[in-house]
Every structure is written in C-alpha cells, then in structure tokens.
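In this document, chain identifiers A, B, C and D correspond to the written order of the chains, with residue numbering beginning at 1 in each.
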C-alpha cells in the first residue's frame, strides 16, 4: 500500500516540476535590484559573474537585491530544475581609469602625450554603452586644448602634442561631472643657440654661458651639463663639465695663449672663441 | 713476587674471598697483598705514596658543572664565530635531518663539508631546549665528559690517586676556556674528550684483552672522528699511540695483569685504531672527499698563528694564556716526564703537541699540519699538550702536597683558578666581536616582502655573519667552511665577509663575485665595514637603508633578477645519507650507555699481593 | 739520565725555534743595497711604522714629517687611507755607489681591488745607509691660496606618490630616458670587449647600469656581464658617460649578436662636485707605455674622497675605439689640482684622434 | 629442459616489466604535451592590427599564453573553490569578482564547472603607452552548476566577452572579463 503511495507522490512531484515556470525581467542593470517570478516554491539558484546564490523561495515574486546583481554579465536563475538566463548591463559611468603618459615630456614635441580612459561604473564594470570623454590639456596661464572623443567598448584615447611653455600641464579627462586630473611636467628640450663669453680672471679664463634656453625659449633645468672645452697645441686639452644654475653655466679654464674655447651640451654645439689674450 | 697458583674463572671482573684487613689499608711501601683484579687493571704507581683517591669521578663531574655551568647558562660562547656556525648547521639538521643540501650558504652547499656529530646532537636537543640552549647544554656535557676522560686517562698512566687531580685540572685549563668561550670550538673539545676516553679503554683491551673495553674504545674513537677532522687525523693518534706503547710496556709486568707478548699487545691496539679509521672514513666518506678535494684556501692574518717570538700579542693569546700556571710545571715535566719509564711515551706526545702548538715559531707545524695549518689547529695542539701534561702535573701536585702540606694545597688551587680566570679576563679586554650590533633588523628585512627571492652578502660582519644566516630564510653567496663560488675559488678566498683581510686577492675575489651579481641574484649587500663602500658604490649598488644609526647600511642594485638555482645540487646516495645521519649518533649513544651501564669497580685500596698461605686453593668467584 | 734527557729535549726545542725565527730576522738585517733599502722602507710602510719610514728618506724642501705621512698614508678619506702595500718588486736602474735609481713595481690592496703602481726612486748613500729622496707632492695648496669657492647646493630628491601600486592608471614619475649614442665590440687579450657611450636625455638625474648578453650562433646566450665599475652610474641631465663590458675567454667569431639592456632609475643626486680636467695629453710613461695624462681640478666646495677617471678614445671618424679607467689614490680638495694617468692600448695609440675624460667619484660623507 | 624454459620465461617477463616501467615516464610527458597543445589550439587569435599602438610580437605571444592560462586558472578556481589560483592571472575588479563568487560558492556548498570549447579572439585596443590591451572574444562554452555532488543545471552557450589586460610589474594580468550582450 505504501509502495503505491510513494510512486504516486513521485509522479506528482515530476508533474509539478515540469509545470513550474520562472519569468525573468528582459533588462536588468548592475547594482540595481530586479524581480523574477516563480510559479512554484523551491530552491532558487542564481549563478552569474561574482554571484553563486542558493535560497529557498515561495511561489510568486522573488526580489533580487542590488548586491546580488553587482556585476554586469549573464546570470542563470534555476528553480526546481527550470532555468532562465538574464543579462545584466553595466550601470551609468561612475569612475574613470585615466592613464596619462609620460609624466615628463620635452616642450613642443608632436604626439608625445597620450591619454587612455576606461569608463567604469561603481562596481568596476566596463561601461560598454556608447558615450563620450572630454580631454583637456593646458599649462596654467594658457587656454587649454580641449577635445571630445567617443568611447568604443568603454575605451577612449587621445594623443596630443606638448605645449611650447615649460611647466606642469593639467591633463584632465571627464565624463559628465566625473573628472580625473593628471599632471604632465613639460620640460625644456635640448639647448638651442648655446653661446658663451670668456674673460680673464687671474691666471684663468672665466667662461660663462648666456642663459641657456631651448628653441622655444624655455630655460633649461638646473643641473644640465654644459661642457666647456679648451684646446691648445702645447698644453693639450682642458674640459670642465659645468652644471647650469639659474639658467647659466660657469667654469674656470687655464689661460693658455692661442687656445680655442668651445662649448657643448649633450649633442648640441655652441659658439667658439679663440683666446689670444695674455 | 710469586704468581698466585689459582686459575681464575673470568679475568674480567673478579674479587678474591679474602678482603684486606683494615690495618692494611695503608700498607708500607714494600708490603705486597693478594693480587686483586678488577675489570680494568689499575696499578699502583711505582713511586709516590699510595693514599685513597681524593675525589670520585662523580665529584669531579659535579665540580665541572659547578665551574662551567654558570658561564654556559650565561651563554658566554653564544656569539663566538664557531658556535654561531655550529648552531646554523644544527638548525638545518633540525629542519631536514637527511636532506644534506643547505641552500643558505654559497648559493647552496652540502652539510657534508663539516663533521656532523656535534651539530646533530645540538639539532636533537634543540627540539627540547631551543638551538642556543641546546648548544650550551651540549658544551657543558662535553666539559664534564672531558673531566671524566682525563680522570680515567690519568688513572691509566699515573695511578688512582693522580686521577681526580688531573680530572679537576682539566676543568681549570686556560686552553679549554679559550676554545669553549672564545672560539666556540664545540667539535674540537667534544672530539678530544671522546678520543681520550677511547684511548683509555684501548689500554684496557690491548693490555687486559677485555672485550667490553674493545667495544667502548671502538665506539668512542669512531664518535670522536665524527666530531672534528683535526681530532680524527691528529688527536686520536696523539692520545692513543702513547697509551698503546704503555700497554705493551706493561705487558711483560705481571703487576698489571697476565703476562702477554709486547708485540701482540701493540699490534692488537693498532688493529683497533685501523678498524676505527676505516669505519669512520667509510661513514664520513663525503666529508673526507670534500676535505681532500677542497681547493687551496688563503688564510686571513687572524687565521694564522704567527711567530711567538716576533709577535708578543700572538704569544700571549696562543701560548701564555692557554698554559697559564702550567708553565711553571714545564721544568718538572722535562725533568721527570721522560725519566720515568712508564710515562716516557706520554712525555713524547706532550713534547710533539707542545712544539706544534708553537705555530710558526718553529717550522714543524707547517710540515706536520700541511693544509690543516691555521690558528685554531695550532691552538688545539696547545690544548692537547696541556691535557697530556695533566697526569704528570698531578704527580707533581701530590709531591708538593706531600712535602708542603696545607700551603701546597692552597697554592695549587689558586694557580688552577687563576689559570682558568686569565683567559676569561683576556677575553674581556679582547672581545671577539668589537661593538656587537643587532641583526634582527637585517633578518626582518630579508624575511619580508619577498626579499628572500634574492641573495644577499654581508661585508664586515665578522663573527656575527653566521648569526644573520641562522635568522633568515634568504640565501647568501658567502659562507664559512670548504664551499666557495667559482669566482672566489680562483683566488682561494673562502669568506667574502672578511675579503680585505686576504689583501688584494680578497678584494679581487669580491670584485669577481660582484661582477656576476645578476647571475647569482645578488641584490642586497649589508655593509658594516665602510672600507667596502667605495667598491660597491662604483659597482652600481646604492644605499637604500641605514640601521643602528648608520653602523650597518643596506645597499641594493635595481637590475638584479630573482635568484636562480645554481645547479650545483649534489644528492648523495640514500645509503650514504642514512649512514651519515644515523651511525655517528648511534656510536655516541651506545658508547655513553655502555659506560654508564658498566661502571668501573671503585678501588678502596691499591693492589696488594698477599703471600700464598699453605696448599688450600684460593676460592674465587665472579663478582656480582 | 733524567737531567740529560731534559737538556736534550730543551736543546731540540730551542733549535726548532731558531729555525722558525731565523728567516724573519734575516730579511731585516740585509739592507746593504739600494733595492733592499726600498724593500725595508715599504716593510715599515706596511707595518704603519711612519717614524722608521721617515728615518729612511731624505726629505726635500717643504717635506715635513706630517706632510710625508699624509703623502704616504693618504688623507681626507682618500683611497690610499684604505690601502695597504701587498707586494714590492724592485729593479736597480743604475747604481753609482753614492747614488742609485731603483724602479719599484708596487701592488696595493685597496678598497676597490688590486692597484698596480710603478714608481722610480732616487736614493743617496750617506754613510753606508741608502736613503730615498722624497720631494713634496705637487701643488699642495697652502693656507694663503685658500679662497672661497661657491658650492652648487643643487640637489634632487624623490617624492613617491602615496597611491597603492596596483590602483589602475596611477603611476609614479617614470625613470629618466637615456640613450646609447655609440657602441663598438672588439677582441682584446682573449676577451670580447663591448664599449660605447650613454647619454641622459632627460631633465632629471638618472642612475644607469648596463648589462650585456653575448648571443651565440645558435641564438642562445653565451655569456652575461655588466659594466660594473667601468661606467659613471649617476648621470645628470645631458651628461654623457662611457661604458665598457669585458667578456673574458670569449671571441667575437663565436658571437652572432649582443643584447644590451640598460637599466635606468630615478635617484636623488647632487650637482656637486664640479671637477675640471686640465692639460690632457697623450705621452709615453717611464716604461714606454702610452698613457693619457692630465690634472684634475676641484672647482666646487665638496671634497672628493676617491676620484675615478674614465677615458674614452675616438678614431678620426668619431667612433669609440677604446675605454679605460683608473682610480686616484689622492683625495681632491676644493681648488686643489691632482695629476692622473690612464693607460691606453699601445697598438691603438696612433689611431686615437680625440679623447674625452669623465670624472666619477665616491664621497664617504654622501652615504 | 623445463628449467631452461622457465628461466627463459622469467627473463622474458622481466624484460617486459622493464619495458613497461620505462615507457610510463615517456607517456606522461607526451600526455602533458598533448594537453598543452589541446589547450592552446582552442584559441583562434585573429591578428587584426591594433590601434593606436602596433602590437609587438613579444607582447602578442605573452598575451596568448596568459589568456589561455587565465581561463584555465578561472575554471580550476571555480571548480575547486581555490582563491590562490585567482591571483595568478587576475587583478583589480575581475579578481575581486572571482573571489566573491568563490566565497559565495563555499558558503552555499556550490561549485561551477566551466568548459570553454573554442575562442575567437580579436585584438581591439592597445593603449599608446603600452600598459593596457583590450580583446573581444566569442566563446563557445558549457557551464554546469553543482550543489554538493549533485548537478543542478548545465547549459551550453556562445557568449561574447570584452577582456582587458593590464601590465602589473612585468606580467600581463586580466583586469576585466565581462560578458557582453
């Protein structure tokens, strides 16, 4: 007698399972709650990116919390062996990962500054929906260069030239009211029109450069090496690797009659002086 | 003197039925009693008054503990270079008993480059006491063993009454104090104690043909060889050969037991020595092959004992302080040592050890020691000389006391205490580590943030080198012992931490190793001696940290990749690793158990031969 | 019997001690020749017995005992203060009985390795004792010459950003940009030598180390070496340094290519000291070898404890054909001039069209 | 005669055993090689040129290797609930996401079996300074959810992913592995 009863019960359970239905919302957003309906009670499994939930539910509406659907991607809801998939899309942009390189760049160089932005929502989901990122680059006291770049799969990038004026350039990327700022230090490039003058100082020749500037007129940074070279027939060669200080490099060379004085910095050559003085 | 006409059942341990009457306890010199045999023939000394021994072995052992116990509890030798090395090697055994490859020094080296026994004992005890306390307990046990060994050794040579005096004398030796508290030479002191014990039992076998003594002698000599290479090669011979000579000298003298052939007695002993040599050579085969295949090693100035006449400080450190007041006994030793027939061999052994102990003052040490010649080995011979002299000094003490009574006793005790105190005072004024510094900063740095994936080098750490190594799991390219990197081996420099002491060869070796820093993953250099800073600054290292307000600085090189295995790993066959890990310890434990389980029968009186009375056979039975 | 044995053993002991001690004594007594006097002099120097050493010299004018000791033992933390004489080989050039010239090949054990020096000594025999003529070192500035020298006090320090290392997009200041502006590989003395020049193109000081891998014909790495101390590691903006990497036991024929990997680092640095290199000229030294000589002049307020000179030699097309270096065992005080000499390969001497000297240095007060 | 025969038989038996024993290591080595070969043949990288920076060969080879390893580490991590495997290939948001999933799976006694059968991978973006790469991947995979030992659900799907690699030290790691609709 009990055997028949068990068989009947199994058939009924299978029938219920076959009959149980789940309906999921067509569209859900990461970090927001959503509701699904189960036609019969049982154990709900929700498997998705960063989620593995097992919960007993009654028949009717089942609310999924914002935390359950934190990450964008495909979720599968299973009740009594019946499964439905739903896609959770990324939320609105909340964060920008802005990679600006380099942190130091010579002035007046084309396409040397690059910026790449990854648009993320508050759970670090990549916001793949189309949008636009506004880039601005400028040195204080000058009008910034601005450009709006559409995002593609959550990414936008830009290349820009460095300005003519040395100094810390503000490089910003913004989406709506989300703004991220980076500093690109624009520094003087190679010295240009290197010129020096020489005068007698006791037994030596005091050589001194004019303010060393790059071709854009920016003073080269202190500490830059400027090499003074004195060549004579009898006394061979004398050199001093002087350091620029407040834009000027100085050094003392031995006073040799008939010497030729030259100046150089890195690969740039300056003027030449023939020292005839006694 | 007539031969007793009875046949004894077992020569080993017999006791005659007639007990000597009390009034014979102090027989006059020429009176003879019945011949009493004990497990070890103990003989009356041919001259000097026979009185009962002033202290038993137990009392001597207690005195040794009383004198050395507090000093070792204060862990005086904890920072000696030798003890730090022993603790470092013991720590490896404690972590991986049969895994003999230690990656912490030389970029990886085999623990078989040094004799293992003392390290294994410390490793075993470290599971109970911790590594430093285990070292101190082991050293204390060795000092006690040494006192008992000298007790037994003196009894063989100069009789029962001199034994405790010699045993007590060994406790107060200046040379022992320097080896224990200055050098941390646990292997050398342990090997010596076991070798002396072994020699005394060897006498028992060679003279009395006692199997038990044979077993003890073999086990003790093998254990001694497994402690220290110097003892294995020189120490055992220095103590055993004279003792064998004594046994063969006594073989024809019935006073010392049944008459035997002199040659047979000597050959029997030599065979035992040969067997011990073969067995210990087989057990420590990897060690001996590393010793005899090790390349030429330069010695730093502080590793060579110079000429004592030309360098007063060297003479003070390596001869005057170790001998102490025993220097006053030298005339007596020279006069009576060789004169007495039985102690002739003992004096000759003392004489050889005395000469070799003079280091470069005579040419003998260079020829006799060859590659083994260094400051420690010279100091060890001086230690052996003082031990060999103790039986004779004990006789001198007995004569002094006999002649000057109470005054002599006081003077002898004062001399002994001063001889022991002098080296401790000397160590106070010449500390082995000039202004010690803390090494935990260094160990903490190496053990955090994955720094252990690089190798490091210390410069100028001196005796605290091994201390850093035993506190960190990082590996260094330097080390102590026979290992050397190929670049350093080319110059014969085995310890880069002290490179400048080897002169330009040392600095060139350091340059060669630093040049290949990237290949060894050598990123961090800890500098305590600023002498080395110019070289590493010019070579591309930069100072990144300063510890102990600049006393120790850390230098780092940025482009060094993580350390790779140097593919120098040598895995010994299983049988060799098992022999290495089991047999030395087994020999030691068996020897100690046998000595404890079969103690000597204490002699209340010296031998007395009573004239045979009538025709009744003397009934004798086995002593229980 | 007792006493005779004791005496015999004592005599044997004394003989052995005599045998062990005699050789040392002997070396001290034999100073009849000029060469032996030079050996004895350097024995005193090795044992730091300055009084005995000074007793063996004829001080020239201006040579007091203090200046002699400063000259022979070094001062101001110079390389000589951390050196010791290791080996002395002597050769008598000429000996007239009252005067002699002896050439001494000295090997010093110094903090930067073994340093070889060849020095000629003039000795005069006064009453059977040879004495070394000792003249004052060049241009030791007296108090009157001292004049204030401006110190640059230009200094860079590094401020790291506080952001955690894997916060996406945030990065610290990049290391300086350096460029290898010339490179050359030659076979020399059974080694392959890679040499060249590297410039710091950036506007901040950089710390450069250069490693090189020789790639064999099968594409695998044959050997790996680094520039070690044959480079000036700290480069200020626009500063150029030569580098040289030796591969002992290698031949160019077995090398297919060379992979050079410079490593740059942003480091704190100082613009001082400023060292001029005057009177640079190539000449033959006393032994006939080609050397580049000159004078180092410290034009800044910082004492340079150990100067290190790197010389780059170019052929007429401006290609780097050799790089050599040398350490000076004298410190460089402000306003002081110190002579230097750097070896040059004899077989290249006539190809050298131009040369450039870079001064690297170590200051003990810096670290 | 029978003694000789039995000794031959014994010799033959020993030789056979020897042959068997010596072939085991060879088979294991090949097995691993087959596995690796199988592992990388599932990934079809279409070499479209990247913008704005040209992809170097060395970088391309590194990305292929790291991407295959990332899927393997993710599958093993989710199947065995092991967080140590996640750190090998993932960083930032994706790492936090996987660690949370493993944590929830452990709490609920669940595990997920992923089986990626094929990948069609396209290089989409390579940042100018060379520290970030974006891939688009169309994956054919099957996913099975286990509750204890019992299979709760399994399905097959073809899913599009957007993948972002970033350079962490000197190693490429996945910072984003996001399914797209």
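One rule holds for everything that comes next: a contact is a pair of C-beta atoms (placed from the backbone, for glycine too) under 8 Å apart; a residue touches a chain by one contact, two chains touch by 3 or more.
The shown structure was predicted, so the numbers you read here are calculated from the model rather than taken from an experiment.
Student: Once the contact rule is applied, which chains count as partners of both chain B and chain C?
Tutor: none
Student: What chain is the most remote from chain C, judged by the mean position of CA atoms in each chain?
Tutor: Max centre-to-centre separation from chain C belongs to D.
Student: Counting in whole Å, what is the centre-to-centre distance of chain A and chain C, each centre being its mean C-alpha position?
Tutor: Using C-alpha averages as centres, the distance is 47 Å.
Student: Once you find the CA centre of chain C and the CA centre of chain D, what distance in Å lies between them?
Tutor: From the centre of chain C to the centre of chain D is 57 Å.
Student: Taking the mean of the C-alpha atoms as each chain's centre, how many Å separate chain B from chain D?
Tutor: Between these chains, centre-to-centre, one finds 60 Å.
Student: When the centre of a chain is set as the mean of its C-alpha atoms, what distance in Å lies between chain A and chain B?
Tutor: Spacing between the chain centres: roughly 68 Å.
Student: Would you give the residues of chain A that are in contact with at least 2 other chains, written as numbers and ranges?
Tutor: Residues 99, 101-102, 118.
Student: For chain D, what residues touch not just one other chain but two or more?
Tutor: In chain D, the residues touching two or more other chains are 92.
Student: Which residue numbers or ranges of chain B touch two or more of the other chains?
Tutor: none
Student: Please give the residue numbers of chain D that touch chain A in the complex, ascending.
Tutor: Chain D residues touching chain A: 52, 92-93, 96-98, 100-101, 104-105, 108-110, 112, 124-125, 127-129, 131-132, 134, 136, 143, 145, 147, 152-153, 155, 157, 159, 162, 164, 176, 178-181.
Student: Could you list, by residue number, the parts of chain C that touch chain A in their complex?
Tutor: Residues in contact with chain A: 152, 154, 156, 168-169, 171-174, 181, 199, 201-205, 236-240, 269, 271, 274-282, 294, 297, 299, 355-359.
Student: Inside the complex, what are the residues of chain A that reach chain D?
Tutor: Residues in contact with chain D: 45, 47, 49-54, 70-74, 76, 78, 81, 83, 85, 87, 89-90, 99, 101-102, 114, 116, 118, 120, 123-126, 128, 152-155, 157, 159.
Student: Where on chain C is chain B touching in the complex?
Tutor: Going by the criterion above, the answer is residues 1-3, 5-6, 9-10, 13, 16-17, 19-21, 24, 79, 82, 84, 86, 107-114, 207, 209, 211, 224-229, 231, 233, 261, 263, 265, 267, 305-306, 308, 360, 362, 364, 367.
Student: Please give the residue numbers of chain A that touch chain C in the complex, ascending.
Tutor: Interface residues on chain A, with respect to chain C: 97-104, 106, 118, 180, 187-188, 190-191, 220-226, 235-243, 245, 251-254, 265-267.
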